[in-house]
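Below, chain A partners chain B and then partners chain C, in two separate complexes.
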Partner chain A sequence: MALIEIEELEVVFGSGGRSVHALRGVSFTVEEGESFGIVGESGSGKSTVLRAACGLAPVTGGRILIDGVPVTSPRDPAFYRRVQMVFQDPYASLHPRHTIDRVLSEPLAIHGFDRREARVEQALVEVGLGKGFRFRYPHQLSGGQRQRVAIARALILEPKVILLDEPTSALDASIQAEVLNLLDRLRAERGLTYVLVSHDLAVVSHMCERLMVMQNGAVVEQLTRQALRDHATTEDYTRNLLTASEGFTRDPALQT
Partner chain B sequence: MSPLLSVENLRIAFPSRQGPVEVVRGVSFELGRERLGIVGESGSGKSQTGRAILGLTPVTGKATADRLEFDGIDLRNATPARWRSLRGARMSMVMQDPKFSLNPVMTIGKQLMEAVKLHGGQSEARDKSIAMLEAVQIRDPDRVMAAYPHELSGGMGQRAMIAMMLVTEPDLLIADEPTSALDVTVQIEVLRILDRLVSERGMGLIFISHDLELVSTFCDRVLVMYAGQVVEELDAAKMSEARHPYTRGLLGCLPKINGDVRPLPVLARDAAWLE
Partner chain C sequence: MTAEPTRPGLSQWLLSEQPASRNQARLGQAWRIWLAFTRNRLGMVGLGIVVLLVLVAIFADVIAPYDPLMGGDLRTARLLPPSWDHWMGTDDLARDIFSRVVHGARLTLMVVALVAIIATPIGLLVGTTSGYFGGWIDVVLMRITDIFLAFPRLILALAFVAALGPGIENAIIAIAITSWPPYARLARAETLSIRNAEHIDAIRLQGASSGRIIWGHVVPLCMSSVIIRVTLDMAGIILTAAGLGFLGLGAQPPQPEWGAMIAGGRRFIIDYWWVATMPGIAIFVVSLGFNLLGDGLRDVLDPKAQQQ
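Showing the complex of A and B:
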């Protein structure tokens, strides 16, 4: 049985004439320990899939099952101990007036974990920051360090699944490599399951064994990493995305 | 042919509590009618370099240079009136995000025509603007002329801004991350438009970006900046022959669709690069 099953997921924002149909029957499954990628352009609904899965977007149709059990709405605390999310912009997703210690302790207090101090320190060490960062504020950290704190915050409840919404798109290329390596190592060490959303095909190809391409709130196709590398796609949209990712090609008519 | 723009030993400093901090430290280059890329990470001084050429260094900062010449005109001690006669008319700049760089309470048409009128051309302003919108491949120019910036998508907004910057037919265009806010497929379309306009009109283009791969496929020549200095100058086609460890590190740390290097090589910064 798959760890995450999403069946015919529909999300509609607003109502009446001004409603936006953000997801139109999205279905996919993710096995335990797998890393699954979602790619698409802005507005394709790729982030909405993650937000709907963890209860941040209104689900108007379809089902979300974790371990074969449909999730409740609102989600119960047990759900958040299994599934956590890392957001895109580390400049916006950490409270500017809370210390790192407070950011990391809050989920522990909510879920009644013991040994909070030790857990906070351990989480900081695991993401490569060290205990010295505990009493700093987000504005004292660089973008890459903030994203590490965001990952530590997601890891501190010891979840099985991490939903990653463009975890590196706000970072410089060299910092992106460090964060991707960190995510890779944590997955191997803890047997985590990832669902990673990105607009960058190269990042998804590096991180994920399987991926799905989305456009206008619907799934265009699902393919494996190998199929992506072999350009073995059946859809023109995916092919265009692949060509565009390879950089600029000069119009042959203009070549001098 | 004398170069369109020559910059020698450009330095930009901002005051701080610990005394002035130099963010650009002795940048020199020459530009002909070609596509020059400037690449670097955030904080490398690439955008400030572009802004200084247009005299747009923030008032708190101080830009100095041994030479800053555009088409034989010394820009170092240019008066505000001189700047106004050059900026927009002969050199202009495309900014990163159309959402923040277009006037939100003016229609695109009004903003475009303002640019034409300011630089002479009262009567044909409307025709010129529509022709320009067509040149950037906007299919329905009349609708876009009447639209406000929030009514356009990112790609359309960016095209409208490019149209605005090119309608006066400048000799030098500085594009500061013109496609970073756009999707990959739209990005390529916008670049194609820029490319065509540059080769048809013989403009000089300075393309500022953090994306080394994109720049190497689009530009003729690339300057790599690190901590306010140019560490390497390369032919775009010979990117693989880059010698500076910073350039090589930047190229190496990008994940590739076909590569399977695990873990990704990480850039090890060397204090010697700051020298």
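Showing the complex of A and C:
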């Protein structure tokens, strides 16, 4: 049985004439310990899949099952201990007036964890930040450091599943690699399951064994990492996406 | 930002980039705000005036040379012009106006402090709740706020005082009841702009209750703009209290309330100008002080002004 099963998920924002059909019957499954990628252009609904899965977007149809059990709405505390999320923009995802210590202690306080001091320090060490960062404010950190704090926050409740919403797209290239390696290492160490959303095919093919291509709120196709690398796609859209990701190539015919 | 090397010891500890405890981080943050604030000269003038008001109110018994309620000899000491004996002259009951103004500082400070303590939490609570939940809660709370905003403030305060009975306590309650709606509006607007921020989504995803999110995460972000607004409103509150006093609905005689003192001196303002003018100057100076302080705080605390 798969860890995450999403069946015919529908999300409609708004109502009446101004409604937006963000997801149209999206289905996929993620096995335990797997890293699953979702790629697509802006507005394809890839982030909405994650937000709907964790209750931030309204689900208007379909089912979400974790370990074969449908999730409740609103989600119960046990759900949040199993599933956590890392957001795209590390500048927006940390409370500007809270110290790192407060950011990391808050989930522990909510769920009544013991040994909070030790857990906070351990979490900081695990994501490659020293204990010296503990009482700093987010504005005293760089983007990469902030994203590490956001990862530490997601990990501190010891979840099984991490939803990653473009975790590196707001960072510059060298920091991107560091954060991706950190995520890789944490997954190996803790046996985590990732669902990674990205518009960057290189990131997805580095991180994920399987991926799903989305367009206009619907699934175009699902393929494996190997198929992606071999360009063995059946859909034109995916091929275009692959070509686009190879970057700008000057058409030889134009060179005179 | 690095610690200034010229200032060792405490300042370095406060500005440390790697605070070792929660309190050090908090104090360091407060110290940074203070350092930014001291650079604003007008703000410091305002702070000076407000601190002076507080000191005068605390040490009124020591500072005032005469009793504020008991006048001197009614035959010889009535309506004396300002002199070395009576710095601000005396009024029609032979009371020393300087002593009355000094004791009046207590009443003014009490009004300002109590109104702030009552109105700010109400405004914050209504505004953040309304903005965070939206929907019908928002509609109900905001329509109530609209009802309060629909009346001119002094008129509504007058109505409340008329219903509650004249007196300084009732004046405070009336002013507090009429001054929370702008704070609610402000807090709601701030809440609307942050409730969809990713850090609020993040704490929601950690399973925090709505109360915890509002109190621990939304309110701290609304706090600075509300504090600025309250400080800037202080002048208006003082004027409303003085206005109620002037109309005889605030502090009752013989309490040395500045507005009531002006009302008392109004009858002979042409011949004995100092009786109404002196408390008027006091009202003016204190209102100006709060306004300058509010402007200074806005420069330091307003996140939009910070991102220069």
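Rule of thumb we're sticking to: the second predicted complex is superposed on the first by the 255 of 256 C-alpha atoms of A that agree within 3 Å, B and C clash if a C-alpha of one lies under 4 Å from a C-alpha of the other, contacts with A are read in each partner's own complex, and residues count from 1 in each chain.
Convention: contacts are C-beta pairs under 8 Å (C-beta built on N, C-alpha and C of every residue); 3 or more make two chains touch, one makes a residue touch a chain.
It should be emphasised that the depicted structure is a prediction, and the values quoted were computed from it without experimental measurement.
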Clash or fit, chain B versus chain C on superposed chain A: fit
Touched partner set for A:Ala202, first chain B, second chain C, both or neither: first
Which superposed partner A:Leu228 touches (first chain B, second chain C, both, neither): first
Which of chain B and chain C A:Ser35 touches, first, second, both or neither: neither
Partner chain in contact with A:Arg97 - chain B first, chain C second, else both or neither: second
Partner chain(s) touched by A:Thr193 [first = chain B, second = chain C, both, neither]: neither
Chain A as apex of chain B and chain C, Cα-centre angle in degrees (nearest 10): 80
Partner chain in contact with A:Ser47 - chain B first, chain C second, else both or neither: neither
Touching partner for A:Gln145 - first (chain B), second (chain C), both, neither: neither
Minimum C-alpha spacing, chains overlaid - chain B and chain C, in Å: 8
Residue ranges of chain B in contact with chain A within the complex: 41-42, 154, 183-188, 191-192, 195-196, 199, 210, 212-214, 216-218, 249-250, 253-260, 262-267
Residue numbers on chain C that touch chain A, as the complex places them: 17-22, 24-25, 29, 197-199, 201-208, 212, 216-217, 220-221, 303
Complex contact set, residues of chain A against chain C: 54-56, 75, 77, 79-81, 84-85, 87-89, 92-99, 101, 106-107, 110-111, 132-133, 135-137, 140, 150, 153, 157
Contact set on chain A toward chain B in their complex: 41-42, 172-174, 176-178, 180-181, 184-185, 199, 201-203, 205-207, 228-229, 240-242, 244-251, 254, 256
